[in-house]
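Next come the structures, one after another.
Shared between the two complexes below is subunit A, which pairs with subunit B and subunit C, respectively.
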Partner chain A sequence: MRMFDVCIIGGGPAGLKAAIAAGSQGLSVVLMDDADHLGGQLVKQTHMFFGSEQQRAGARGVNIAKELVEQVTSLVNVEVVLCTTALGLYDDLVLTYETEGSYRKLSAKKFIVATGASERMLTFPGNDLPGVYGAGAVQTLMNVYGVKPGNRVLMVGAGNIGLIVSYQLLQAGVEVIAIVEGGPSIGGYLVHASKVRRAGVPILTSHTIKEAVGVNCVEGAIVCELDSQWQPKSGTEQRIDADVICLAVGLSPLTDILWQAECEMVFVPELGGNVAYRDSTMCTSKPHIYVAGDVAGVEEASSAMVEGELAGLCAAKSLGVSGAHLTLQITSARSQLEELRSGPVGDKIRAGLLQAHR
Partner chain B sequence: MLKKTGVATPEELANVLPSEGRLNRGAVAVLECFQNIPCNPCATSCPRHAIQEFVDINDIPSFDGDLCNGCAICVANCPGLAIFVIDETYSPDETLVKLPYEFTPLPASGDVVVAVSRAGDEIGHARVVRVQNPPVFDRTAVVHVAVPKALGHEIRFIKAGGPSRA
Partner chain C sequence: MLRISEHPILTFKHGQQVAFRYDGQELVGYEGETIAAALHAAGVKVLRKSTVLHRPRGFFCAIGTCSSCLMKVNGEPNVRVCVEKLKAGMVIETQQGKGDLREDV
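Up next is the complex of A and B:
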């Protein structure tokens, strides 16, 4: 069985940064991802990112991914394995995984779980019709494979993902009929809302989808207004013709492997669902398992990168790497996270983290 | 209301509009950014330090029109596409507006395009005067359009021709 110092599960921004951090300390690192490329969600993000210069604000997600992948591949002590799915993580430091149809094992002293998040579904009649997509799927089709999902889209959800995917649909020449949002106000950044609105997309707050209409595939949707108790107002139903209903109603941390490994978990709505308890080094209740990125709480690529770096550095420290520089890097990562989460849009994350830290 | 519709109110806009005196002196940026979000490329990209360095990354940009020359570098760098440059001195009856634009095909100078408001309404026509799309702008083109004076503060988007028109 092959042995490594650090094994990182998931090659999104969190996993990539963790690999760079641990790899730069000279440790032997393996980075695995179930996709056929590294980058995670970043490869689909064609828009410019927020954050500050340290997290590459102003750069497009896809370009950030390229830079991180280059850094990882330049480290000879970091091995990248793609098309490989982590399956089970055990107390004897063994990870089982599937690759090319075979079931294998490896061992590492520390594991960093950076598996990201999965999309939430919404229940309504007709939600199983072809043409009902998650926003991530629409983005993958368009921005990774260059395939239009349809011609007339109803977007459900006015958080950042719903707003950004609407904008990218417009850029691909797809009509977005409307964005419906159950809440009384737009959840995403208002600058994103303004840019889709001026491109002609109405944003209907306090509205939701009641049902999808269609025989063999989506032909339209019934939307209705909601009152302040989130109850449908009778008589407000209207039919919207559309061939795609795109759901952007949130993400939940992808924690299967943490449950299986029996990390202590806690349900924190502010972080998107169940997450592992972690300490200030991103270490879970299992001393050999660290978490970073959306799996530790659904947030942003900017914070995922810094968390990944922090987890990588702290894992290295726990393996005996030391020095003033390492301490400095750890302090800097912590203060970057604090800064990113300091504003009003960080209120929720801060409240969530209080419940997940110990 | 901005938080419900994505369209800023006249009061919000009045707060970010440069003074009349400054507008009368030529091209100047208008920063239509009203929410505390973790973002600062406007400040870090402005070569003239007209947008003050942020103390906290969540600050709303603080802008000094006297230092701004309307170069539009911030227009291409703002991930929110929330900055525009207005030049009311362009000609006696037209205002020049520099807008961020990320759709293909890009219009060419000389094209007449549809002028669109913040709410997405078609409000008239605009004449494309120049299109800036250098590699450093990383695919956020800055389109300069001339519009009748009355539209200078209203136009925030254009509909150009082509298959992927917005």
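Up next is the complex of A and C:
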């Protein structure tokens, strides 16, 4: 069985940064991903990032992914395995996984779980019709493969993802009929909302989708207004013709392997659902398992990157790597996270993290 | 036509154009794109029928997580076509039922 110092599960922004951090300390690292490419969902992010210089503000996700992948591949002590799915993580430091149709095992002293998140569904009649797509799926289709999801899109959700994907749809030459948002106000940043509004896309707050209409595929949607108790107001239903209903209603952490490994979990709505308890080093209740990125709480890619770096550095420290430089890097990562989560936009995340920290 | 021809930020580097079969029809797509992307570009949105109520299903997550897009590819059932890459000459079929395990494995 192959042995490594650190095994990282998931090659998105958090996993890549964790691999760079641990790999730069000279540790033997294996970075695995079930996809055939590294970068995770960064590869479809065509918009510019926020944050500060250190978190690559102003850069587009797709370009950040390229740079991180270059850094990872330049580290000879980091082995990358793609098209490989982690299956089970055990207390005797063994990970079982599937690759090329075969079942294998490896061992590592520390594991960093950076599996990301999956899209949430919304319940309404017809939500299983072809044409009801997750916002991430729409991004993959149009930004990675250059295929439009359809011609007329109804966007559900005016958080950052709903707003950004609406704008990206417009860039791809797709009509966005409207954005409906159940809440009384727009959840995402105003800078994104202004861009789609300037392009003439109405954002209907306190509105939701009641039903998808269509026989074999989506042909339209019934939307209606919600009252202050989130109940549909009768008589406000209207039919919108659309061939795509795009759901941007949030993400849930992909925690399967953490449950299987029996990490202590806690349900924190502010973080997107169930997450693992972790300490200030991102270590879970299992001393050999760390978490980073969306699996630890759904946030932006910028914080996922810093969290990955923090987990990688702390895992290295726990393996006996020391020095003033390492301490400095850890302090810097923590203060970057604090900065990213500061102010009113970080209220929710900070409240969530309080419940997940031990 | 659902292919994006012009984009303000992105340029799409497509692989070679290849032919494949979908339920008996000859279609074309680009090598290296996912089967789901090629089918979608060709106007195919219904990828299978649900096993109990036989309702139409398309893709949903496009990253291999949700199992909404399972199809039969070169005789193998339950292939997630949203992550499986297109190759020349592939035979893609709408799957009937849950699919059987191959007996020779």
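Just so we're on the same page, the second predicted complex is superposed on the first by the 358 of 358 C-alpha atoms of A that agree within 3 Å, B and C clash if a C-alpha of one lies under 4 Å from a C-alpha of the other, contacts with A are read in each partner's own complex, and residues count from 1 in each chain.
Assume a contact is a pair of C-beta atoms (placed from the backbone, for glycine too) under 8 Å apart; a residue touches a chain by one contact, two chains touch by 3 or more.
Keep in mind the model is a prediction, meaning the values are calculated, not measured.
In the superposition on chain A, contact of A:Leu129 is made with subunit C only, not with subunit B.
In the overlay built on the shared chain, the residue A:Gly150 is in contact with subunit C alone; subunit B does not reach it. Using the contact criterion defined above for the overlaid structures, shared-chain residue A:Arg60 touches subunit B and also reaches subunit C.
By the touch criterion defined above, A:Cys217 reaches subunit C but does not reach subunit B.
Applying the stated contact rule after C-alpha superposition, one finds that A:Val201 touches subunit B and leaves subunit C untouched. In the superposition on chain A, contact of A:Ser280 is made with neither subunit B nor subunit C.
Shared-chain residue A:Leu190: touches subunit B; no touch with subunit C. Once the two complexes are overlaid on the shared chain, A:Val345 sits against subunit B while remaining clear of subunit C. By the document's definition of touching, of the two partners only subunit B reaches A:Ser302; subunit C does not. Shared contact residues on subunit A (touching subunit B in one structure, subunit C in the other): 60, 171-173. Residues of subunit B touching subunit A in their complex: 2-8, 32-41, 44-45, 56-58, 77-82, 102-104, 116-120, 138-140, 156-157, 163-166. In the complex of the two chains, the subunit A residues touching subunit B come out as 47-53, 57-60, 63, 170-173, 184-186, 189-203, 205, 302, 339-340, 342-346.
In the complex of the two chains, the subunit C residues touching subunit A come out as 2-4, 6-10, 12, 14, 33-34, 36-37, 40-41, 45-47, 50, 55-66, 82-83, 85.
Per the touch definition, subunit A reaches subunit C in the complex via residues 34-36, 41, 46, 60, 62, 118-119, 128-134, 136-138, 140-143, 145-150, 171-173, 216-217, 254.
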